[in-house]
């Protein structure tokens, strides 16, 4: 078991995070459902969290974890507000996707 | 009297202002008399000045009267100053003298014209400018007068401006003159650069003392000659003069025969030391231009039917004579001919005016004839003028023309030959004119109705006020020769070369000395030859037009003035105008187009870029993403890894 | 054992400098009070909410001004364990934000009461947003900065969507939210990477770490990537091309008073944050980020002005013009980048701060006029709605003209001083190219302001429209803004003297 | 003499405690403010206030003419107060021979334009903004001519655009908005370069001799010494702005539009004084500030000037719109002024300064007359006009005099300036003069041709009853003609005031560059008095 | 051992993430998100961030995702979105480029810095030490940030209230 031998270094975690971040970004560009777009943002935030934790572990410095704590708060708040806005919109025009909201342009 | 020479221009100026203010109130004929009086006054002053100078020793006859500093800028100091010396006073005498007579004539001639007073306004302004021109102590004052007379002639030619031909003629005269002025101005600049002044004293002094490089002197002389060519209607700029006949006849007499057109000759004489200091080819050029113009114009005059056109071309031709003289170094002769010409040509113009007046504004000689019966005074005086210009002994023209030919022969036989031919032609076409107008059968009867003359039409003699000047001028035209009699046996010593002695201090530098040439020894013979030519011309004309011995030789080409004028105007109206239009097009399309195009371009770009702003949030995210990638590329690859 | 634990547990709570924090506290407590009381009491009569809000922000601003002298006496410092910077840079931003909030509050009241849904929440949001903005300007810790940014942003998302009468408002809200979340994720990741490179999120410590450690090129690629992402996050907020995409839509869709708030407070705070991050925290990488800023400035200037002149809706025009203004401010930051972190620095920083204050006032004034005109034309903000304004309301037209001329940078208006400042800073650093580009872009943009002025002064409305009513509060705001604009234009000395001091910020 | 420009310049020779120059700027501005305050229901008041203030300003400027010390070649009546100390900017006004007559011209033109020209507002309420803008314009122009501080100058230089924009756009003819916008943006592009250049000048001057940040023109000009290449770049920045304003070919295309579309008063002021901002700027801020660069680049300028002379004249000849024709003639005339400016001889520059005034007078008057024609016939098309001289001889006479002065006939003002320019330029740039002086012919061509088409001939139905010059119009026209004739016959008072400052300027150039003003060989022969 | 955990957890994370962006049905996407969150939590554990791991599960998987699902149900937007059609042809390639670019560049940066990245003494994670340390840090150095979050939450609350409060018109209906 080569896998058993090797220790995953911080770099591994960061690379994973980077990939996760990228996927999130890609998702935001391809999905039309606003809710799923939010989820993609969540993915990106999680990537950030992972990076923070990995680094904090590497440095032996708790700041990173504290940062994650705040990120979670922010994420929660964002979702709440975002969903609030989405609700108020979809109330008026049910089933609207991001593409449908394009009155303002030019 | 010398220190008040400023009165000479001052009087016409006063007249101008008075008429400007009260002209309408004065009306006819008071305005006319006012104007005439003013000119008479300055004539009187001139005479007074003349005697003052006369009382002086010959070489002190040079007085500068400075009024005020005109254009003073550091090294350039130009005064409004007048120069009283033999030349300027001689000019003043005949300008104001002849001017006065023509004013009188005009009072009669312009009778009934709605713009009577305005006419005299212009005339006084003209006399003012002309006196400034001749009295100027420096080139700039002269130029002031120079342009002034040009402007006045513009006013007067287009005096009847509702006639398109008149308006056009006036414009043409002004612009053509401007071409000459260009040379005049450059001459002034060059002069200032060379000697730091434009006053005649300094310029000529430098020329005499040799302080002036020959090349510079040549350039100045020739540039001034360009100006002279414009003003004195020489080839190639003579075009405006024949058209100038659109003006009232007194104007033609005063401006386009007696005074203004001779300004060129005056200028060259004034600057004769410069010409002397110039390279030899300079005077030669002048002489040839003069000679060719003389011949050229004479040939044209042969085939003209407009009574004034004939005189106009003959004026051009006679001016050519004067330049021939100038070029030959015969400044005295030039001035002499200028004066005599002023007499007889003014006389004939006024005569023609009287005829036109009598013929109810008819100018076509083919519709005249036999007028000697109806207007005896006009006719007889005109005949005096005719004999004078034809150069018949002892009329004034004979003396002046003879002297010019003498110098021309010394200069070059070719020039002399041209001079003779011109003399023949002159005699010929003048005789032709006299016959057509005053003799032969009366053709005007058949044309009666054309003159809108109700009932039976009859040309009439002009009023005395018009005839008086004719008579006086006739006298002068006959006796004018005495001011410069040659040294012939019969002529008393005391009477010989009066004018030459008078002008001597001014022209000593430039005057050619011919006393020891072969031509001078045989000048008696030359006189004979000249007279012979005159009679030949007269005889031929009589044979053809009176006796009808032969068909008139009046080829179309001559009637059309060798098509020169038409060619030039064709060029101006054709290619010239096209070129101008091209520039206007370039400005509108290219230059302005570029400016407006830039504006369009910016807006167009905006219109394109704004297509990116689709309004779709995912596209926006994409654009942001691209931005991210680019930034990362710069930082990570650009600054980091690589 | 237990003693050890106890010993370990001995933990000193950080000292909190309440006085220095007072502006923020004033804003927040004002918001809380409003929420609580507002929830308990029936709707307040007249314009009370608005004036209350205005008063609160006035108090906050006043406190900041009072603290000004303390700072100039004792020099810059940091608060609560280096979380916040206490320097004139922060104070000036605080004052700017409060001034803008005050004006916005004044126009908000009339806006809402017309719509008939006046209520405490919106004002509370304005105040909290202002607090967030202030924090952004003062943050000495990237996390704090991020939290401030989020406070501001979340409030703005909601406010943008707050007019539920118009779908445009909601559309703008959702767009702003989605893209904002996207951008803040990048910003956050940037913080993480910086943390990876420097082991800290605290700006003082970050600079310290650079000062101690020798930088080998590329070795700190984490930091570099981090800077890139931070620029993305802030560039989004300041609407720098290409992160400006949201601006036109949101500015146009959001209620006009909110737009005014975004354009003034939002921009100012974001730019202040940018100064903190780039100039204060990253002076050692100035040669890395300056070129990037240069390009952003160029793009913003060109795209902003070029797109502005092809618009037909005034709010949208102003949105794009705000983009090109952002470009101008970036020119100032670029200039500051030449000598960032050195003991003696040029005018870059001061010029930016000056610009922020002047532009905030200007833009609020402009949007105030727009709101009145739009109200009179049934919410229509197209250019046509403005034609003939001079005939109907000369005073209003005059006010608008002042603001537009100022935005165009015509002398004797504050806008000229602002532009002159940044360009001067750029020229001082010999970056002539961007200076000239900026001026030329300004000319292009000038065409836009001319267009508006033409329809205001030289055209007459084709269909008959009523005369704009000028409510007291809004009128007051417009007058104040206009007077300020002209006053500064004629006598800017005091302002420049003040901004000059921002160069000695907390390090 | 050089010191007079530096040290000596700051202390006025005839110190007046009354801040006359500041008043020249503030009085019109104040008038504008008052008008804005006034109720628009009292239109008659507007003109009254405007008239009073502008006349008062004009009176002060004329008093200046009298109080001006002809011996002093420095700046006089200087008023200097710190303004924006943070940036080393001060309110620094001063007048010398070069600016004096431009000030007077401004002071005289505006009252005439305000009182003499009726804006024809169908809605009397429009009078209010009209007069307010005019007065603001006057303040701006005055400021530009007076300011001796780069910042201050730029402020005024820019500020004048605004009133002019509104005057053209608000009271102009069919294509007014487009023309106004073109004018505004075109000039702004130019000033964009100047602004950057000003700043660069200040900073570079700080490190090259001045030692501190200051925008003071005199201080920089006297103490700063730029490297040749630097100076040239800086000069270029200024030059662009001024070249647009003059305008110099090929940057002139805004001018015909602006002039043609502007209301009469606008055109008069535009041609009369605003174009001079460019030529004046070239002297004051180009040659004085960057002698080396200016002298180095003179060939380009001379050539452009000559091109402008010919080009403008030819383009003018072909115009169908009388006003446009006059506008193009301005391009030609200003070509002469530029020619003289870059000849670097006392005569030429003095001539240029004088020609600035002459052009202001004669072209201003021409626009005035064209405006009268438009009022009467509501057309500017030459084709629609004919035979006016018969219908209105006095009007025609007036036009004739002005036209002759514009052609440059001796005895009228136009000639003296032109002659000085050409004769002075001949010393340094002979061949340019040879070409340029043909412009004199062309001037006669296009003006006389236009005159013939408009005034000569038999008037048709439309023009038969062309109204004669009214008394009021005559009252406006007379001052112009008076100045035209007087300065033509007796220019000394003017020249004697201009010359010292010009001499000082040339001395400054000589000091800063190797250049030595060429003097004609003075061979004083006889002249026996 | 560590490695195996890492690989498995990473698989969870990536599978979840991918499913979020490819699942037609929002509900499935949400579930994918849950999977990712759990994976991240596992990583937290293996990185000795026990407290955060717990919070991750409770707050994220617990609260947030539930909130998502709730809204999905509430608004009935659970009808699946047709991913086969893309109105903007450029969009998907663009997405790939952007996503790939971001990943590539970030990875490049990370790899470049792998050797120079500082290394400190690992935090002792036995017992409640992690929580204590976190608490000290939170209420010590980051106390201001902590207080700030409260403001953030106020905004969230007020905002949501404002958003969901019926406007006059809607009340009228």
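Structural remarks
The first chain written gets the first letter, and so on, giving A, B, C, D and E; residue counts start at 1 in each chain.
Operating definition for what follows: contacts are C-beta pairs under 8 Å (C-beta built on N, C-alpha and C of every residue); 3 or more make two chains touch, one makes a residue touch a chain.
Remember, it's a predicted structure, so these values are computed and weren't measured experimentally.
Chains that touch both chain B and chain E are the following: A, C.
Note on connectivity: the fewest steps through touching chains from chain A to chain E is 1.
Each chain gets a centre from the mean of its Cα atoms; the one farthest from the centre of chain B is E.
Look at the CA centroids: the one farthest from the centroid of chain D belongs to E. Note: centroid distance chain A to chain B, computed from Cα atoms, is 98 Å. Look at where the CA atoms of chain B average out and do the same for chain C: the two points lie 80 Å apart. Chain B and chain D have Cα centroids lying 37 Å from one another.
Separating the centre of chain A from that of chain D, both taken as means of CA atoms, is a distance of 66 Å. Contact of a single residue of chain D with at least two other chains is seen at positions 185. Chain C has residues 143, 147, 150, 154, 157-158, 161, 164, 174-175, 178, 182, 186, 193, 196, 199, 218, 220-221, 224-225, 248-249 in contact with two or more other chains.
Across the assembly, chain E contributes 91, 94-95, 98-99, 102, 105-106, 108-110, 112, 117-118, 120, 136, 141-142, 145, 149, 152, 155-156, 159-160, 163 as residues in contact with two or more other chains.
Under the contact rule defined at the top, the touching pairs of chains are A-B, A-C, A-E, B-C, B-D, B-E, C-D, C-E.
Residues 143, 146-147, 150, 154, 157-158, 161, 164, 167-168, 170-175, 177-178, 181-182, 184-186, 188-189, 191-193, 195-196, 199-201, 248-249, 252-253, 311, 316 of chain C touch chain A in their complex. Residue ranges of chain E in contact with chain B, taken from their complex: 88, 90-91, 94-95, 97-99, 101-102, 105-106, 108-109, 112. Residue ranges on chain C touching chain D, taken from their complex, read 394, 405, 410-412, 416, 420, 423-424, 427-428, 432, 435-436, 439-440, 442-443, 446-447, 450, 454, 457-458, 492-493, 496-497, 500. Those residues of chain D lying in contact with chain B across their complex are 182, 185-186, 250, 252-254, 311, 314-315, 317-319, 346-347, 350-351, 387, 389-390, 404, 409-411, 415-416, 419-420, 422-424, 426-427, 430, 433-434, 437-438, 440-441, 444-445, 448-449, 452, 455-458, 490-492, 495-496, 499, 503, 519-529.
The touching residues of chain C, counted against chain B in their complex, run 174-175, 178-179, 182-183, 186, 217-218, 220-221, 224-225, 227-229, 231-232, 235-236, 242-243, 245-246, 248-249, 288-289, 291-292, 303, 306-310, 444.
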